[in-house]
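Both complexes shown next keep chain A, but they swap its partner, so chain B is in the first and chain C is in the second.
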Partner chain A sequence: MADFIIDDTVDITDVVCPTTFVKAKVALEELDEGQILSIKMNDGEPVQNVPRSIKEEGHKILKLIDNEDGTYDLIVEKVGDE
Partner chain B sequence: MAVDYATLKKGGFMRQKQKNNFSLRLRVVGGNLTAKQLAKIAEVAENFGDGYVHLTSRQSVEIPFIKVDDVENVKEALAQGDVEPGVCGPRVRTITACQGMAICPSGCIDTYALAKELDDRYFARELPHKFKFGITGCQNNCLKAEENDLGIKGGIKVDWKESACIGCGVCVKACRQNAITLKDGKITVDKSKCNFCGRCFKACPTDAWDTVNGYIVSFGGLFGNSINKGETIIPFIEDKEKLLKICDTAIKFFEENAKPSERFKFTVDRVGKEKFKEKILEAYNG
Partner chain C sequence: MAFTNEQLERYSRHIILKEVGAKGQKKLLNAKVLIIGAGGLGAPVAMYLAAAGIGTIGIADADEVDLSNLQRQIIHATKDVGKPKVQSAKETMEAMNPDVKVVTYHTFVTSENIMDLIKDYDFIIDGTDNFPAKFLINDACVMAKKPFSHAGIIRFQGQLMTYVPGEGPCYRCVFKNPPPKDAVPTCKQAGVIGAMGGVIGSLQAMEAIKYILGKGQLLTGYLLTYDALKMEFRKVKLPSDTHNCAVCGDHPTITELIDYEQAECDGVHL
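Here is the complex of A and B:
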C-alpha cells in the first residue's frame, strides 16, 4: 500500500452525530483537490458511519488506522473542488 | 333500503359511531400518493366529509363523515382523481412500504415497485381473516416488517472482492454484527453473523464486494390484541420470482387452513410450524 503525506488533521472526538460529519466536511472544504486529511474519530457510532458519509460525498478513503486507544484516524484524499 | 354494511366495509367504508356516517378508507400503495390524488382527496373531504382526513397507522388515508347517501357520488368523484376506496375486513390489506432504494441511501431493494407488484397480485383478495404485507428496504426496518403477517426486508448478500480491496479496514468497523475481520490484508466474513445489512458494501471506498440484493421474509407478525414478532424460517432470497412464489405459498396455506377470523400466526401454530415450514421450504427450493 502506498504511503501518504498528511496535509491537515481534524479531531472530531469532541462532537457527536451529526456534528461529527459536519466538522469533517468543513475541514475537507479547506483543502485543495488531492490533499490528504486525517480525521480522528471515536470508536462506535462515528467510525461506523462517518467513513460512509465521506464516501457518499465523493472523497477517496485511503486507510482507517486503529490508534488502539478507542480512537481511529481516517485518512481521506479530497476529491473535487467547489 | 337496508344498509349493507358488509359490502360497504369491503369497499373501505368504516361505520362510524355517528349514525349513517362512514370513514372512507382509500387505496394507497406503498405509502405514496400523487399530487393529483391528494388534491382530489382534499376536495372530497371538503365537499362530502368534515373537511379533514385521518392518516391511518398503515399508510392509508381515511375521509371521515361520509354520509351513506353520498357513497356512490363520493366514489365517482374520487375516481376522477385516480383514487379508489381501500378495503377493510377479511382480505389482503394495504401493502405498506418505506421509500426504499429509489430514494433512501440505506435501501437495499425497490420497495415501491415491489409494493405495486404485490398490490396488483393480491390486493383485496378474500381470505379467512385480514392479511397484511409490509415491505422495508433494509435492516433499519423503518417499516417494521415483522409486525405484518408477511414481512419483507431488503438485504444485500456480500462476497469480498480481493482484487479491488485496498485493505483500509472501514468495513470492519462499519459492520455492526462484528462479522468482518481483516488480517494480513485479507478480509474474512463470518456468514453466521452477517445480517445482510449491506453496510460493509455501502461504506467501502472501492466497492470491493460482489453483491446480490434480495429479501428476508418473516411470517406471522401481529401487533393488535395479540402481539407477535414475525419469524424468519427460510434463508435469504436472491430473486423476486422466488419471493413471489413464497408469498403465493403462504397465502395459499392461510386460505386452505385458517378458520374464519383466525390470524395467520394462529393458523400456523394450530396446524403446525413444521408443516408450514415444509411448504415454504418446498417453494424456496423448488
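Here is the complex of A and C:
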C-alpha cells in the first residue's frame, strides 16, 4: 500500500450493473487529474467489467486488491479533467 | 449535491455518456425549461424533459383536455378529459420522475404576461399552434435574450429551428409577419398525424437538452423541415444577416410586444 496515497474511496457493492460503473465514474469525476480512487466492488460481474470500463475511459488502473471476503479494492488514478 | 443510488440508476444511461457524465446530469437537474403549449408538441417535450431530470419544468396552457386531443397529446389520458391540460401534464410528469418540479400556468400567453413568464427560465419551448403566439414568443425571447426552440406541425409536415441570442436569425428574421388571418389553415381545420408531434417535439426536447449540456451543434441558423409522406428531412440554411430584422436587427422597429389577432377557429393547441 506504500506506493500510492488514496484520495477518495467509493463502495459500489450496494448497486448492480450498469450502476456499478456509473457510481465509480461519478466518483472519478469528482476528483482532480492524478488523484487516486479506491473502488470497493463485489467479485464476479463487477470485477470483470468495471476495471475494463474504467480503462476504456482513459484512467490508469494501479492495482486490484483481493480482500478475500468476496470483495476487491480497485485502485485507479484519474487521467484527464472531465 | 450528491446523487442517490436511485438517481445513479435512473440516469445511468445519461451519466455513462461522455458528453453528459455526472456534471451534465447535474446541469439538467439544475435547469429550468418553460414549455408554452401542452399539446401535440408540448406533450412529448414535457415527457422527455421530465424523464431526463430537468429540475424545473414550467408549462403554460389555457385549455382543458378534449377527447379530440388524445390522438396526439400523449401526456393526457382518457380520464383527463375536461381537466386543465397543465394539471394533467403536471400529474404525468410527476408520476414519471419525482426529481422534477412542475410549475403550471393555466393561462393564455399574452404580451401582458409573457415577459414575466419567461424571465426565470433558461430555455423556452414554443409548442403553440398559432402564428400570433409564435411571433409573440419570438419577440419576447429576443427582447429578454432567452434561447428558444420554435416548431410547427400540420398534416404530415413539421419544422423547427432554434434561436440563441447573438447566434443567428430569429423566427421573425425568416418569417417577417404572421400570415393574414384565416389565410392559413390551423390543425383543427387541416388535421395532423399524431406521431408528427412526437417526431418534432422530441427534436425540440433534444435541442433543450443539448443547450443545457453545452454539447454539440444547435439548430441555429437553420430550419429543419420534415415531410413524413416523402420521408424527407431537409436542413435549410437561413440567411445569416440579421441586421435588418424588425426585432433582433441593429435598429429594431418592434420594441413592444404585439398581440396579433387570432383566426376564429384557433384555440386548440397542437
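Note that the second predicted complex is superposed on the first by the 80 of 82 C-alpha atoms of A that agree within 3 Å, B and C clash if a C-alpha of one lies under 4 Å from a C-alpha of the other, contacts with A are read in each partner's own complex, and residues count from 1 in each chain.
Please note the rule applied: a residue touches a chain if its C-beta (ideal position, glycine included) is under 8 Å from a C-beta of that chain, and two chains touch if they have at least 3 such contacts.
Note that the structure is a prediction, hence the values are computed from the model and not measured.
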Chain B versus chain C as contact partner of A:62, first or second or both or neither
first
In the overlay, answer first, second, both or neither for which of chain B and chain C A:47 touches.
first
Tell me which partner A:6 touches in the superposition: chain B (first), chain C (second), both or neither.
neither
According to the stated criteria, A:23 is in contact with first (chain B), second (chain C), both, or neither; which is it?
second
Tell me which touches more residues of chain A here: chain C or chain B.
B
Would you mind writing out the residues of chain A in touch with chain B in their complex?
1, 43, 47-49, 51-52, 55-56, 60-66, 72, 74
Show which residues of chain C lie in contact with chain A when the two form their complex.
3, 5, 8-9, 12, 15-16, 18, 21-23
Under the stated contact criterion, what part of chain A meets chain C in this complex?
14-15, 18-19, 21-23, 25-26, 29-30, 82
Of all residues in chain B, those that touch chain A in their complex
105, 166-170, 172-174, 176, 199, 202-205
